[in-house]
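Shared between the two complexes below is chain A, which pairs with chain B and chain C, respectively.
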Partner chain A sequence: MTAPLTYALIAHVLVGVLAIGLTHLVFMHFLRKTPSWKYLRSLAGWATIGFLGSWASGAYYYVVYYGKAVKPVILKGAYPWAHQVIMEAKEHIFIMLPFMSLALWFLILVLEKQQDDKIKKAVRNLALTILLFGAFIAGAGIIISGAARS
Partner chain B sequence: MDWYTILIIAHIVGVALGVGGATFAEVNLVYAKRDGEISPDENALMQSTYAVLRLGFFLLVLSGFGFLLYYRLSGAEELLYSSALWAKFAVIGILSASAVLMQLRLIPLLWGSAVSITSWYAALVLGVFARGDVNSSYVTIFSIYALAVVTMYYILQLIHKKFVPHKEH
Partner chain C sequence: MTTHVRDTNLLIRARAAAEGTAAVAVLITILTIGAELWSPLKDTLKTVFAHHWLGKSALAIFLFTVIFLIRRKTSASTQSLERAVLIAVWSSILSAIMMTAFFVVHALFF
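Showing the complex of A and B:
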């Protein structure tokens, strides 16, 4: 693996985990009676940037290296479902995550100006959904890495 | 200093902050509730302890993923098959979920505390096991963990009964 691909994989994982951590903070902060909207907006904004960064670096790694070098190893190995099921699910869910996170940031902006309990609850649930998707994607990455044993 | 050493240091610092934070969160809670109410100063102290806990959790997770990357990049994927490692993943998942459930008031405080303390100590022990020669199955490790959570719950109940006054209605 070349150095840019190694850095892309590292960025994909660490920036993605950071974005999930920030979304976790957003969700936890949403549970407060009087959340700081400015703080929430900042967290959600950085989480979106993180998801986009992880998305871009992951896409580079996937297109340039994974399909040619990793996928065949997994398919020939003991756990082909790691690609056939887990990776397929991961890549489709990951397509949505940055946009869901962007929507979260935008809705926090709306809540900052116009507070509404129903919208607040819906946005909190959106943060939880992003968090659960993020946790799934992180777990899926571990399974795929483990299945890439030649 | 190589990346592996940096990861080990970050991971140990994260676990140390978490284990210490979880222990002191409970100690501070019992001390604060001894006189029947939590003062603003006591509340501020507990909040700072929770901040340390969150920092420890963050370091633990980030360095944990760093290890996984390191194994992947160095061709040591077989380490990902360790039952202790997967038990540790589950424990960290439960720890994270219990923090959310406590915040949502969906589980009693005492059960949340028992899960938090036991999980942090379990993460410490499993971290040692994952690098050693312990070959216990996932089910065995997880059964011991579940038993430890229940035991910790009853220990905390005893401590609270002894030191925290009960409100008379």
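Showing the complex of A and C:
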């Protein structure tokens, strides 16, 4: 694996985990009675940038290297389902994440201007969904990495 | 406490973004399952975009942008925003469940 591919994989993991962590902070602040909307707006904005960065760096690694060098190894190994199910689900669920995170940022802008309890609850659920998707994608990455090394 | 959202532009943009997100979830589900079941679709994505995943991503960006630009020209209310967010959340969850279930079945029986 070349150095740019290594850096892309590291960036995909680190920036992705950072974006998940920021979304977790957003969700936890939604549990407060009076969240700091300006702070939440900043967190959600950086989370969106993080998901986009992880998306782009992951795309480079996946398109250039994974299909040719990693996928065949997993399919011939003891855990082919790690690609057939886990990777396939991961790569397609990931496509939705930056859009969900961008929508979350727009919705926090609304709540910053004027609060509405029903919208707040709906947006909290969106943050939770992003968080759960992010956790699934991070866990899937660990399984795929393990399957490739086994 | 429930109050009226006065900044209509923000409300409309937020609703447009939520609707775009819901549309992306539907598109990705259709393209992903469709491309596995009907190889000409996957081949077309590969031919046009170099890789099927890049094709799905590019089409998702395109659809989100189109929905966002079209829907931000219409009026919105707090009720329509709440509904759009709920649709975005549930379409994303159903999309994730459907695609994962499909790949489980695909791995077991195909």
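Criterion: the second predicted complex is superposed on the first by the 149 of 150 C-alpha atoms of A that agree within 3 Å, B and C clash if a C-alpha of one lies under 4 Å from a C-alpha of the other, contacts with A are read in each partner's own complex, and residues count from 1 in each chain.
Throughout what follows, a residue touches a chain if its C-beta (ideal position, glycine included) is under 8 Å from a C-beta of that chain, and two chains touch if they have at least 3 such contacts.
As the structure is a computational prediction, the values presented were derived from the model and not from experiment.
Label the relationship between chain B and chain C on chain A in the superposed model as either fit or clash.
fit
Which of the two partners, first being chain B and second being chain C, lies in contact with A:Met100: first, second, both, or neither?
Touch partner of A:Met100: chain C, not chain B.
Tell me which partner A:Glu91 touches in the superposition: chain B (first), chain C (second), both or neither.
After superposing on A, A:Glu91 lies in contact with chain C but is clear of chain B.
May I ask you to decide whether A:Leu126 touches chain B, chain C, both, or neither, giving the answer as first, second, both or neither?
second
For A:Ser36, select first, second, both or neither according to whether it touches chain B, chain C, the two together, or no partner.
Neither partner.
Once the shared chain is lined up, is A:Arg149 touching chain B (first), chain C (second), both, or neither of them?
Once the two structures are laid over each other on A, A:Arg149 reaches chain B alone.
Which chain makes contact with more of the residues of chain A, chain B or else chain C?
C
Write the angle, vertex at the C-alpha centre of chain A, between the C-alpha centres of chain B and chain C, to the nearest 10 degrees.
140
In the superposed model, how near does chain B get to chain C, counting Cα atoms only, in Å?
19
Would you please give the residues of chain A that touch chain B in one complex and also touch chain C in the other complex?
Touching chain B and chain C on chain A: no residues.
Would you tell me which residues of chain A are touching chain C in their complex?
Answer in residue numbers: 55, 59, 62-63, 67, 80-81, 84-85, 88-89, 91-93, 95-96, 99-100, 102-103, 106-107, 109-110, 113-119, 122-123, 125-126, 129, 133, 136.
Within the complex, which stretch of chain A touches chain B?
1, 6, 9-10, 13-14, 17-18, 21, 24, 27-28, 31, 135, 138-139, 141-142, 145-146, 148-149
Applying the document's contact rule, which stretches of chain B touch chain A when the two form their complex?
Spelled out, the residues of chain B in touch with chain A are 58, 61-62, 65-66, 68-69, 71-73, 77-78, 80-81, 89, 93, 96, 99-100, 103-104.
Contact residues on chain C for chain A in the complex?
It comes out as residues 1-7, 10-11, 13-14, 17-18, 20-21, 24-25, 28, 32, 50-51, 53-54, 56-57, 60, 64, 78, 81-82, 85-86, 88-89, 92-93, 95-96, 99-100, 103-104, 106-107.
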